[in-house]
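First subunit A sits with subunit B, and in the next complex the same chain sits with subunit C.
Moving on to the complex of A and B:
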């Protein structure tokens, strides 16, 4: 009943099946029950009284993306009771379009500060409010804990302080501002989001970037992963007060960011990835420079990494903290290292490969424990894999140009879906074009959108003093969520 | 006469050099991390800066909140009067002064805690509850250890106890009991001064803090008092640790005094090494460590009963 498409492909809007709400529920709930995931679920715009909702379901086993739509007006039977993955999406839908998912168990806005929080009754229960202004220089978000002594009974996370209205600003594009928006959806995932946008543009216009651009974009994406994973490992060590790894990783992250700056002039990779190619090429001198820098960083990281894993006092803090089971992970649809640390084989680079990942494979790293240890361990292995991957690509860069001379404009009345494995997990961009070939709706699903709820669940029954450690092990984006 | 002068000199030296200990700890940590680190005298600069500032008081606080830092500093300063250093008897030594010592520290803690509770902040409340729970477990280790020292010295003042400690004392009451008590005191020293593995003095994460979170609302001169009192407490408890583990005595007061200062520096470096190589224990693991310290002190006490 759904339209089938691959990652980075588009279909004509006429081919998008518009189902009844009941049929859409069956498609999504049935698909998720068979092991697929809800990658995106959003309102695409009003047609008269009715709101057209679009669902994109990703099949990780067969690499297929299933898209379908339905028209809802007023209210409809919520998906969430039967498919918890829709929880956050339906709250967003109600917030953005005013439709009511009937029977949603916790229907309140996700980007506005709620009037009331979930409260646990009891004389000995106390409430702790953290944020939105935090002690460190980080983004704003509010955390409301219900505690019994040091034990957390429940955590509710209220976001929305970073809401900028990006999705609305993208409508009518692509224009000169579009790429700037893409590169700042989440500043630490510049390459990931820019790449997803490039895939969407190429899917809409047809054709794609030349091979050399694919390889260099892959290098840039892995550099971004390296910088963030290494930074996270250092920050995790810092949160448990383990000085050496915290200090070394902070420096090595800088080295990797500097390597990215050599590539494109910006430490976070801005101005590199463009639809149909790149704005910067790698000459032989630069290639050797990158190889030298990364070899040194790789060596330094090996030392810092070993220090961390060889310290029993650190392991005692990591093991068993912030537990999530594989069942819960699948139920709420976690993505990225957080999902792989629960044992889920979920990695866009393998399940829905795009660009260079079709030709050069990078193994999935999983770990079955679902705790802070698992999330740190997966990162540590991924760092090693990314170093190897980059080295392999640098040794055998394809020749040719890095960009097409005449990028094609987006075609009219189409829907395109792109998935990219950013360092935090699956980035999903869905674009619908109007009759004029302009974006009628541009939906961005940052991995944080899937994972924030996972953090709330991971805290249940934990010590409140372990929250910062747990939070860091997810390291989710506030602005990527709030958009 | 010489001893009396030396005792007064110790008071002055302690008041002057206590903040330097923190500088040495921080420098050690910086060296481990491959950083240059802050200046050794940073805390002095911080104190001078804070003393020049005004303080801001929340409308929900009362005189209790303002009294907290003052009483804490006063109590810790008075406790200095009964602490012997490098073989020099304390100015205010009298039989049973170790009980006064323990309870002066308790008074300091009590006022820090109620000043924290006075703010009505949930963070400070959590910190206060942690501080009280953990210090209740650290106190037995200190008192049992002091009782053992008093037993083997046959005197009941801290100065008597520490005079009876000798380096290379392998007699039935030296050696092992002293080592056990010294180890227990080192643990108490780390716990009471909010050092790793009990607390992280560098963290900015309120939810994980014990001591630091209780003083978040203090500013200006009040914060200076809090920080200076913390430095003095580090010195006071540090003197008790090095008095057992590094009791170098030559008979020449000036030389002993120099050795004593060097021993304090060694202690600060050792603390820095611990902080650089260990992660913090989980909060639920803190009681286990403190009970272990009490057990060490208890075994030391048992050995002196033979």
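Moving on to the complex of A and C:
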């Protein structure tokens, strides 16, 4: 049996059920078979020879999070053959802690460059290697394609070039660097990760941020979604050579980043979200300034967006490219717009609402096609909904302070879980504190952790020349994955 | 065709006229170059240094603030009882030499332009290869934004290119992770001489938030020689542009600090 908790809640470590490995397998495999998802699965630390593993399973229908643990030593029967969602987690577990998930079909490190890549042999099969240094202004990663002519038979993605040792450094915190780590876990998701961290801290210490802070944090999170979605739509247009929308969206994205900077002085939202509140408030002048900026950006975006969808040459390149079925999406546990573009109703804001999303509803947008078109379309609708959400919230900000005067320190010996719907999808932070109230383990699961394998599968049977387009339609984080 | 034309008219001409006209406006809460007040510190006070996430502040006689390590979080300003550190609005931060990034009460020494020979070669056409070596995608994004229509970096003859063989230099972001060090070194070796190196952001200058981590190398200078340092976390695009133009001697006279 697992412990039940809600998003942004904590339990005493003594209440975390420590099961046999077989019972943990049943909990996870059974839960996922009934439509739940594996949100986190990680090693929490050694006890003698044994490794304590913790699993967090998310129920999107009932908003529940189920946590359980087990002690494994040496090797154990892998979850992956019965629960493919676990495959990346188990590879990480083996890499970080040296335990062996027996029967894992593809046990390789995820943050170390592999000695050998999967190879397809055949007379006319050839291999294409790309990276780690790419052609654009972009983070490093290595892609290894097995091709037959133009057709991609298999893509292997090797990451780890961005590994900065953040999870290791978070142990012993919170300290003066903790917030800086949160804001740079994935720099384009500064608000999302800072918010997840704030939820974890508040769950551990009790209490929470005041209502006005929740509303402004929601505005900041949607601004982050706007900037990135608009940027992605522009980049998708650029990748099929449709320059008008590419040029306009590139600039409009900047207008949204500038709106975020009006909030807190930094275009990526650094220095805004803190545990128990915000470092900056919104006065009447700023509220009007933001409304004016957003109204202009919304209008400019509507024109650039319409132009994109009205261009048959663009649609011809988007439709049917980089297909993923809903079955595959569920099997590998895809999150975010990539999952919603396969028809999955998966959105933390709806399924596990926290903060302002408990009070103000933002509708989920899904599309059934699972291709580049779907992923672009979902973004386009989400941009419109985020604009509307922010503009509505700005007009109805609750009164009161934006921060508590005395934030509580984390309590000792607890486990806290927080989910936030970042612009790429579900961000999951899990913290375990020790007897001293310090982080004994801080686990970060960026949405990219779930989705990189989705990109690899979406490339199967595609032309290699469509890789940039498919890649951009996922736009995953390298550093968020590598940590 | 008619739709495209109408959209084009609606979007208007949006490229900044800077540096011929005024620079784009900075956000009201922008945190630019800090100003340090001489002799303001209370006896024995160390609050700023204790609060700083990266240890950017030294207190030997007077306050020294290393912009190469500074994340511009302004915690120091918030905790200082004497307003000895105040974040100003000056976006001009780039320096040629690493030691010039350490700010005291006397103000800053800004970047100097390239030697005459390099400026003759690169002053009107500078092609840069960007290498992210552990960057969090913020410095990358605000470097990339210079290529959008709002900034139009191309009008200065500066362009980001796809191959080091086509480049006159590297623009590096990130603290240089262990895994990226060989790739960075190889990319640098592949750039033909003479070449320059620009480090953008606290990570590339000092390791930033990751300073001291065993998994990285505390910045680009660990691996390649650096000619221009552009501080920030991330630097505002205007700060990056200022650094690039300063290097090429395209900004006439450094304005007085403040």
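The rule we apply is simple: the second predicted complex is superposed on the first by the 483 of 483 C-alpha atoms of A that agree within 3 Å, B and C clash if a C-alpha of one lies under 4 Å from a C-alpha of the other, contacts with A are read in each partner's own complex, and residues count from 1 in each chain.
Here is the rule we use: contacts are C-beta pairs under 8 Å (C-beta built on N, C-alpha and C of every residue); 3 or more make two chains touch, one makes a residue touch a chain.
A quick note: this is a predicted structure, and the numbers were derived from the prediction, not measured.
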Assess the superposed three-chain arrangement around subunit A: do subunit B and subunit C clash, or do they fit? fit
In the superposed arrangement, does A:136 touch subunit B (first), subunit C (second), both or neither? both
Between subunit B (first) and subunit C (second), which does A:447 come into contact with in this model arrangement: first, second, both, or neither? neither
So, does A:277 touch the first partner subunit B, the second partner subunit C, both, or neither? neither
Which of the two partners, first being subunit B and second being subunit C, lies in contact with A:304: first, second, both, or neither? second
After the superposition on A, what does A:150 contact: first (subunit B), second (subunit C), both or neither? first
If you stack the two complexes on chain A, which partner ends up touching A:248: first (subunit B), second (subunit C), both, or neither? both
First (subunit B), second (subunit C), both or neither touched by A:180: second
Kindly classify A:192 by the partners it touches after superposition: subunit B alone (first), subunit C alone (second), both, or neither? neither
Answer with first, second, both or neither: which of subunit B and subunit C does A:374 touch in the superposed model? neither
Which of the two, subunit B or subunit C, is in touch with more residues of subunit A? C
CA minimum distance (subunit B, subunit C), superposed complexes, angstrom: 5
Show me the subunit A residues, by the header's touch rule, that subunit B contacts in one structure and subunit C contacts in the other. 135-136, 244, 247-248, 251
List the residues on subunit B that touch subunit A in their complex, please. 29, 32-35, 122-123, 125-126, 196-197, 200, 202-208, 275-285
What part of subunit C is in contact with subunit A in the complex they form? 3-4, 7-8, 10-11, 14, 27-31, 50-54, 71-75, 129-145, 147-150, 160, 162-163, 174-175, 177-180, 183, 187, 208-210, 213-216, 233-234, 236
Counting only contacts in the complex, subunit A reaches subunit C at residues 112-113, 132-133, 135-140, 160-166, 168-169, 176-177, 179-181, 184-188, 190, 244, 247-248, 250-251, 253-254, 257-258, 261-268, 270-271, 280, 286, 300, 303-304, 306-307, 310, 477-479
Residue set of subunit A touching subunit B in the complex reads 126-130, 135-136, 150, 237, 239-244, 246-248, 251, 311, 313-314, 316-317, 321, 463-469
